[in-house]
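One structure is given below, encoded as structure tokens.
To keep things simple, chains are lettered A, B and C as they appear, and every chain counts its residues starting from 1.
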Amino acid sequence: MSESRRVRVGLLSAVLIGALVVVACAAPQASQAPVSLRLQVSLTADELNSFRPALQAIDDANAGWTVALEEVPQGSEAERVTTLLAGNDMPDVLRLQGLTVQQWIRRDAFVDLDPRIASANLDMADFYEEPLAQYRYADSVWGIPDLATPEVVYYNKQAFADAGLDLPDDSWTYDDMREAAVALTTDTQGRHPHDPGFDPESIERWGWNGGITYFWQNAFVKARGGELCVNPDCTEMNFTSEANQEAFDWWVGLVRNDHAALYDPYGGSQTGVPGDPFLAGRAAMGSNGSFAIGQLNTAGTVEYDIIPPLIGVDGSRPTPLSTFGYLISATSTHPDESWQLILALVDAGFLGETWGQPGHGVPARRSAASSVIDDSHAPTNQQAILTAMESGEVFRPNTANAFNAFGATGDLFTRMNTGELEMLDALTQIESAANDALAADRSE
Amino acid sequence: MRTRERWFYLLISPWLIGLVALQIVPLAATALLSLTRWEPPTAPAFIGAANFEQLLGDGRFIHSLFNTAVYGVATVVPGLLIGLGLAILIRGLRRGAAVAQATIFLPAVVAGVATALMWGWIFNPRFGLLNGLLSVVGIDGPAWLRDPAWAMPAMVLMGLWNVGINVVIYTAALGTVPRDLHEAAELDGAGRVARFRAVTWPALMPVTFYLAVVNAVAAFQVFTPVYLLTGGGPSDATLTTALYTYQTAFSAGQLGYASAMTLVVLALVAILTFGQFRYVGRRVEYGGAG
Amino acid sequence: MAAGSIAAGAVAPRQSGRFHLPWRAILVTLVVLPFAVPFVWLILSALKPADQFYAFPPTLLPNPPSLANVDAVLRLLETPRLFANTLLVASLSTVFTVVSSAVVGFAFATIPARGSRLLFAVLIGTILIPQTALIVPQFILFSRLGWVGSYLPLIVPHLFGSAFFIFLFRQWFKSLPAHLFESAELDGATPLQAFRHVGLPLAGPAIAAVAVFSFIAAWNDFLGPLIYLRSPDTFTVSVAMATLDGIYVQNPQNSVAMALIVLIPPIVVFFIAQRFLVRGVGATGWRG
């Protein structure tokens, strides 16, 4: 290699390295203030736009620390957190979906918050118990929920007018729903399910949207007097008790005998648009998260209202509820400041002012939850959301292998609903597949 | 010669550095981790071959291999046929060949998250284009991505939409078929089909082999569309091996078990590729470095 | 075979078949349409106001076309900043990939050396490694270097070339007459000089093909930015697009509008480079 060539190669490398340094410095990184807290959230773009100014205000009001905001798209938290844990590079504070946190809590990834809750006099009774329950383990609280989303019952006013039925109200039970669903279901010739000549293959409008499609809909089993969880964390499950068989029989019957429910095996839960049969006016009623109000109002395709979760056989209103909350990483070097940040983020005033718009979750504190009520937009009966918050229950099981159990049983639920598998046979197989998958979590 | 060898190693040194730092070391780490149970933040614990034993009895893993094979066969073989067919069709055009080729090539080049989202909406059973078109001819379309029977066909359809690279490569290869052979065969009175079989097809064997290998490897690693559109569902109908490995690592946080899966998958791909070289490759004299 | 004639073969079909009846044009149009229709549908859907977007059965044309969805995503996401971020990452990645892959590919194609066959087999072998499997070990590496949160983990690996693009360059340089480089070296040029003064000027289409593919791959990359970028201000378009929907909240009219916006740069790049791209890709296939 000649001398000049060497110089030139050297220069080229220097330029490249220089360019890299410039890029590295240009990329915003954690500020070097005395205490810099890393806060990781998984908010939608819409939520983030509400959250960032509010967080900035908290940041400005506290001279002791600054917050570096880190974001990860919802649904991708698991890959981010797993790599962070593997690389020992966790942020100080994480806002995570309740369904995913138990596996990491059980592996000691987070700080036990009980002593801090006690010394801060945080009013835990103000938090709805079920969202909080998703952050409990071994008699301690490991995370503080900020938002939750319960399911409520949506109904299409035009569909009820077409069928000449009274509109649903807060007193409706599952049996009321079933009776109406049959009357609301019509085929292309205008016939109802029990009319002669009714054609289930050409249904124009279904009375109800959905059936039981996976075990996280335990609330709907409970509403019929069943219970899938055998132990508190639901790592042991039962599908075949008499009460559970009756509950499944009721729901499968609604789909297969009455033809009154659209069985959409993955009705938006894994793919596509939640509630779109309702959005398209093809389903007269359905249970869906309160966030769907945002989408329904934007689309403006149906005139609708809501009622609280339907009343089950024991008089309660079980309904599925999802939640998000804040946790402190066990590796945080600033747990005190992290806790101060969490206190500010779950403050009732902060929750009420920052959240509570259509499409957002509901504050997980009773004193802030009513901020979701806003008479300026549909639906009318928004109190139903607060009723649902009181009775909603979070998804169980939520341990490390819950997703494996979900994967191992999904197909069996589908084949039971379509009639390909006889019901008891399907339930027996679901039970054994779920318990096999959850076995590792039981021993922990 | 010594100087030139030194030049060779100097010039490939960037690749060698990357090879060691970003492929070999991580792969070696993966091999070590496959012998452990590692669920961060818990430290890895050596468990011998237990992960591989578990893998043998993992029905979802076997199922994911089956799905991947179905996807591979359903995209690679038709992809080659369609690619060749379109290339022949386009070459025969007097005008508009460039436009036609560009139109076919575009999807393959720009495919990513945005096109996957676009397809998600096309497949929407109620508001999507596909069922809208089907209803025009009186067909009540399936729920596609939400129907266990139709989700995989939907993925295959998306895969075939990217056939443009095959078309471009076949078009170029057709241009290299020796013209004099064609003319000689024509003089011998061979028809179009006979000339294709006697002259064109043998000349296309190397490129067909190349495409088969590249497409098969790509099909075996299919990830983005299933990750974005179905998450492997419904009922695991689109659970490919790449996705199952990914979910095991990240949804379940079982990095040791996922490492074992990776090694098995890598071994299978290597065997598949080696097999292609062994049984097809030598017939077409497609060698390595010259 | 000279590069010129390969290129001509790829681009301008000279062969005139026996049939020039319109049926062939019609057939081609029918066959080609499915490749274009999804894009057309994307544009039409993005321009539909919400009530038409959710019309059932679906309508074809937006009536009247509306920019409401596009406006909505431009309000939700800071699109100019996202474009600038993605452009920075994609441009640097492209430059690095092209330079490093071309040099390595040139060496494999033109310099006989002991071990080169074996190394070439290793190179091809790395194409078989599922890259998602290496996420965790690579993350630990970049985390130890303190690079997570910056663009370095997304850009630096491109300095080391990419196996497939090295392969593509090797194929290209092998298709050039070997005596070109031999005579350059007889004139006293080093292999690096032969690369710069003889190889590179003849590698236009291969450079274009690799540049376009690596640019669009970086533009579309999802997993890399997902794992390595932290502040939403640093996000690239793919990751930002994923924040439009939540697990429970979905607004496909926004996603469809954003998909259209995000696709514009790759489509523009494609049409600018299309002719070279076709020649560069076409050259990869048949040379052993």
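Going forward, contacts are C-beta pairs under 8 Å (C-beta built on N, C-alpha and C of every residue); 3 or more make two chains touch, one makes a residue touch a chain.
Because the structure is predicted, anything quoted here is derived from the model rather than measured.
Taken together, the touching pairs cover every possible pairing of the chains. By the count of C-beta pairs in contact, the leading chain pair is B-C. Separating the CA-averaged centres of subunit B and subunit C is a span of 16 Å. Averaging Cα coordinates per chain places subunit A and subunit C 36 Å apart.
For subunit C, the set of residues touching two or more other chains reads 53-56, 135-136, 159, 190, 192, 242, 252.
Counting partner chains per residue, subunit A has residues 1, 79, 82, 86, 88, 272-273, 276, 280, 282 touching two or more of them.
Multi-chain contact residues, meaning those touching two or more other chains, occur in subunit B at positions 120, 124, 126-127, 246, 249, 255. Residues of subunit C touching subunit A in their complex: 50-51, 53-56, 76-77, 88, 92, 96, 135-136, 139-140, 143-144, 147-152, 155-156, 159, 190, 192, 223, 226-227, 230-235, 239-240, 242-253.
Those residues of subunit C whose C-beta lies close enough to touch subunit B in the complex are 1, 5-6, 8-13, 15-17, 19-20, 24-25, 27-28, 31-32, 34-39, 41-42, 45, 53-58, 60, 100, 103-104, 106-108, 111-114, 116-117, 119-138, 141, 157, 159-161, 166, 174, 190-192, 195, 212-213, 216, 219-220, 222, 238, 241-242, 252, 255-256, 258-260, 262-263, 266-267, 270-271, 274-275, 277-279, 281-286, 288. On subunit B, the positions that touch subunit A within their shared complex are 10, 38-42, 59-60, 120, 124-127, 143, 145-148, 229-236, 239, 246-247, 249-255.
Against subunit C, the residues of subunit A that register as touching in their complex are 1-2, 5, 16, 19-20, 23-24, 27-30, 38, 40, 43-49, 68-76, 79-80, 82-83, 86-89, 97, 149, 268, 272-274, 276, 279-282, 289, 291, 294-295, 298-301, 322, 359.
The part of subunit B that touches subunit C in the complex is made up of residues 4-5, 7-9, 11-12, 14-19, 21-23, 25-27, 29-30, 86, 89-94, 96-98, 100-107, 109-115, 117-122, 124, 126-129, 132, 135, 161, 164-165, 168-176, 206-207, 210-211, 217, 221, 223-224, 242, 245-246, 249, 255, 258-259, 262, 265-266, 269-270, 273, 285-290.
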